[in-house]
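Chain IDs A, B, C, D and E follow the sequence of writing; residue 1 opens each chain.
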């Protein structure tokens, strides 16, 4: 297999641009930090996060034993935070994959097929976009019961349409691009055209949308948990907050309330930064402007 | 005194992999009432050169060297506000018809009149009168000034652009490929319109084109650009009859015509140079049939032959000292 | 205004509303367990009582019959009786709407004004330090959940400094009237509206900035500069107006999303509006009320979207004249 | 850059003005507007607040509901405070007689009581109330009101004959608002159709203003037969969450908490606050493990239940979940009551013994995954523990219980749901939504109704019997208890019933909380703490006794 | 002439699009007759030029011929076979011999594929080669043939790194690798720099020589049409107004529109006089009237009957046909 030097250069350019993009760099570093936390949580933790401690360590501030203090069952906040990052990242990614996959499929088919298929699919999409998101999530979460996977489903239900709409508009404009017509003219069938010509060109949008979905999911999980509709049996940042609010001791235990908030905010920021950086880089003209 | 004098203009684009010199040591003057054509292929730096006259060089580009002297004053020393005063009033530009050169949400009349209003002519009636007469001049019924750009066809929009550029009767008008991308008959009409205006207003114009024919019909003098350099500068007729630079010659020979005898045309092999880290040699050398060993060694200097300027080793005596 | 365009929009909105009523109806029939059972706190309630209740709430009929019934009642403006409050849902909601409108109106107004101005400045000064600063702030604001803002604001300004009240819409049992009452309400509005505003500002800055940057790269901006138009005028007349167009569209799309902020803020600050009502209804599993609130939210979104479309036609001549939105990418 | 500065300045200025003006004007207004009237501010959390004044089950089950009606209406008699030993205290009825068979009760009403509109309270109002109130709402349909006939003897005398013998230590007809007949007459078939905006009764307070979800403003009934109350106004303020409510007390917005008290975690926050005292009293509620005997698994096995009881370290639960503010409990009957049976079977914490019991009963970890298997080897001993997710202490207690049972090899899955779903599941044990649950109720000093928890479903039980427990022995004892006429006899059966439950463990009673109530003692005095705190459904005394200093 | 000699036979080809037309304040539904009754043949080895301005229907025509869009009416025969009658799969296979080169070299090649992959894709679609090695050699040969040498330096290049001329060669290679009989070249050089245009046109001509290919060369530029075409058809609003051998048309135009077109072409000759266009009113609004001559509103020699009678192509000289009533009259 020969090494394609142009491809390498292209990839190299991307990463160079990415790392010279201040937001991209910052976002990536924060993101890596959380990935690190999540991957090595069992090593990094001090005690298992779900095990309650002794009564004299209830709500103790940060000290040598518990780096970030303890909660109202004397559980270690630091361990909860790092294990919580697993949950947040997993539901973020799973939701992103589900929504982006569904949205892309719908958008691709609608945009490519056009006509009545497009019309029907887009009416459905419009309808879903019109539904008030958080109320719908709340209602569904209330109806379906509290569990992490229900949250994933709930967020997916309300989030896929925006991806579908975006992908569709991309597909519509791609469909008009001469190279699609050219490949059709060269004898390609619909599947080939969709999969090998249009889909790869939709990747940037899918990526940006996926990143957005991760942030929305993390956000939504925290809001639902805050409202008491999260899954109280799984340790996530949202449920940490939930228990903190519920305990009534929020005002006097900042070490308990701030870590999950800081984590939520910084993970969302990191994804927003990543998204912005990638969108910037993929914007036509950016490459030239930055001199690549 | 010339109306415009461009001296040693160099425009650099700072790229990650080096600096690209889009405009390289460009010199030309523009006398009052004269039309100078600037011809070259895409990416040869002609638009950059024109835009730097107006002070529009945006990052990552910058004017590295040189002077732009307009009516005896170096524009490079002007403040932003001074440049603004100049634009629209003393110098204006008609750009290649792009879909969005006119603001989609403002009426055509508003956009034309704005030139005057922004330069201190506040009397409403005066402005409206002037807009009406200009529209009429470019062949648009004044009633249509209440229309929005999207209600016009491409040719009509370009007429609006011309009206907009001409309304303040500027001393210098830069025409940046004003008819490219339009239909043949519309092109012809616009060409005729521009020629009319030129005569009526005694315009001084810098016409940028990639097309010999347009230059031939409008300009008295022409400068040929290649790879950021002006490679030849001459009267239009002289150039056509006896091009000195091999590039000019090839350009003329490769241009198909509909009148006269059908000739076998000669194409120029290869493709235009990449301006990022170009070789220290004549940039045309690789495509030049007459290139000698010297051409691959050093950059030719400007040479004056019969009051024509050419930048080619064929005509220079001096030795290459590299 | 293009009548056909408006008519088409009205039809589309109507169809959406119809679909929403169906979803609204269906979701609450998916509830596991027995909603009627939940109405009775007393375990000794007899089967007869439950059956009687089912008849009362029309839950004994088959699904289709229930839906028709529901639509009939809806047409009459009846949303059922709240399980919890025992009052007609319509009445309960009607009382709350003005409060929420007031809160969201003020917040949106502040967010849009401040957000667009800052966003425009950032977009205008693209790449500068001002831009980076505004951008950094807005992304941070955008990333902080509304409720977290609310809690922080409350801890700071209502607890530690005690400048503002801890919650509610007015001082309880104050007996204030006239101007004092207005000031009292305004004072209660500050913290909740800021918790919403801060989040929206972030969003609006981001949207305006990118829209602005997009517009500024358009050839007509170069045209305007070449005409010698003053920079400030380019900003206000040429750039902002065009930048508003996608902003309006996105606002339309985002309205559905915005109902979230109001729920969070009203919950944190116990602002007795629709959001709080919705939250209470969820917590108490008061299904008729929940259904009613959800319907109101959905209808509000549809109406606001419709209003946004109309606004769009006012601002964009292309839509006004042709009746077709020009795709702004 | 420079040109845009004015915009930023403008924004900053606008924000400043908004903030400043609203603060200055309204803040100032509030202080100067304070009336010379004494006002007690009571802080409630939204979950306990009343959203309408319509008479419904919320008057019984919602703490704010029962507080409000107890203040606005009079009852025939009320339960005394802790000092009086929770003895019956006269209210509308100045005294009462009972026949030999303890079935016919005659109440003699005071003649000086008037409703807020000036109409006198007569025996006809009492008759009306008891005739139609229980019929109107299943929640009022209680043993206390199972009468055979009612006779109005004269305006101020009423004779009521009960279906069952009734008495010891309390008369019947407890805990119902005496409604004005002249107002409710038109709505007698459905009380819920009357909006009842003013709660017009004969109580010592009147509703001045009611704003759903915001506040209730009560003013003193100056014409109250017992004399005007000690404060002129009471305002029940509703706060969104416990934190906010606590802050309100700390910064002086409120003088006492309405009900349930504060979380023990936050008690330190109040200790240093000047003018605030913290009153601690035992809770009225008792916590137990509610075993679902309908489930076809190890839970049905008494040995398993015994092992579970041995495996649960109640002291640790109290330390962890309640920060020490609680005490172990082992019976439905409070320790301080006369008929508490000291001689019941107890299951002290002993994990080793628990394991031994399980081993002996054949629940062994046969597949080596760390979790014991069912006796017949049909899978793990993995049980769902149902608890409400809405109460922090209960979540914590359930978490710790799960941990402890995990230590003896029983895998416990927490099933934390909202309160309504919780009760929906709990009240239908036959649907097997749970294996066992952490439950709580408050029997009150008059705990007669509480035995319904154990009466078999086939024997007139159901309803409260959320353990799906059935024991002929118990049902017989209960019947005997109901039929007995003397306190001694009753107590004998009551003790027997406690014994039976402690042996069968359908309910594994574990602990009782303490209620912590911060109160403003700088301005007010007279707070009356009984079991359950300064204010709850058996205790309107604080509001009756409080006086401004 | 046998059908086999006629690579393409087009008979009464029509393509209408529904459009909204403004009539006063109201929108009226109407048909845009983009292609309205075309008849022509293309012989083997012939280059037929279609010249017209934007909107004259020439692109619609080419897409209709290749069945990228279905015609409203009329027939297209490829080597005597009606392509409308073919199934989709047959048509897909038939595309091997009917190909198209697009105007925009930057847009018509997927930016995510390198040069070799672009061509390999085509080979894969038609399963032309059995092995990757065979593919490689085919690609190498075709790249050499279109003048992209040395092949190695182009092999892995992406479109973004190439000039328009090079890309247009790639798209020609992509088409030629299928060994088609007939190619529609839709303004193949209009987006290229002047200096490389002739190179592409020469390549086109040499391919014709080498493989006896037939071309339809679509352009708005009479000068390049003259350079490559054997015959020319002038199109105006969906109809052919004049057709004939290239030199005949340019030297002896009959139709007023053709005359105007020729007059409008700017010449690179500074000595030439600039003359006014022989047109009545170019800015006049023109609709697609069903009957009558569509050029009438702009025609300097139009008469009243032009409004009523649709002119048909009439032979005026050997192979030279014109559709004009005023010409009839003459």
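The working rule: contacts are C-beta pairs under 8 Å (C-beta built on N, C-alpha and C of every residue); 3 or more make two chains touch, one makes a residue touch a chain.
Only a predicted model underlies this, so the values are computations on that prediction, with no experimental measurement involved.
Most remote chain relative to chain E, going by C-alpha centroids?
D
Which pairing of chains accounts for the highest number of C-beta contacts?
C-D
Can you give the whole-Å distance between the Cα centres of chain A and chain C?
23
From the mean C-alpha coordinate of chain D to that of chain E, what's the distance rounded to whole Å?
Going by mean C-alpha positions, chain D sits 88 Å from chain E.
How many angstrom lie between the CA centroids of chain A and chain B, rounded to a whole number?
Their C-alpha centroids are separated by 50 Å.
What residues in chain A touch two or more of the other chains?
142, 145, 228, 250-251, in rising order.
Got the chain B residues that touch at least 2 other chains?
59
Out of chain C, which residues touch more than one other chain, so two or more?
As it turns out, chain C has residues touching two or more other chains at 159, 231, 267, 283, 285.
In the complex, go through chain A and note every residue touching chain C.
Checking each residue of chain A against chain C gives 22-23, 123, 126-127, 129-136, 138-140, 142-143, 145, 162, 169, 215, 219, 222-223, 226-229, 250-251, 257, 261, 264-266, 268-269, 272-273, 276, 285.
Help me check something: in the complex, which residues belonging to chain C touch chain D?
Result: residues 33-34, 37-38, 40-46, 49, 84-87, 92, 95, 114, 117-118, 121, 124-125, 128, 130, 154, 158-159, 162-176, 180, 183-184, 186-187, 189-190, 231-232, 267-270, 272, 276-277, 280, 283-285 of chain C touch chain D.
Mind listing the chain D positions that touch chain A in their complex?
Spelled out, the residues of chain D in touch with chain A are 241-243, 246-247, 262-263, 265-266, 268-269, 316, 319-321, 323-324, 389-390, 392, 395-396, 399-400, 403, 413-414, 416-418, 421.
Under the touch definition given earlier, write down the residues of chain C that touch chain B in their complex.
For this pair, the touching residues of chain C are 127, 218-220, 222-231, 233, 237-238, 241-242, 245, 315-318, 321-322, 326.
Give the list of chain C residues in touch with chain A in this complex.
Residues in contact with chain A: 12, 15-16, 19-20, 23, 27-28, 30-32, 132, 135, 139-140, 142-148, 151, 155, 159, 217, 253, 256-257, 259-260, 263-264, 267, 278-279, 282-283, 285, 290, 293-294, 297-298, 300-302, 305, 327.
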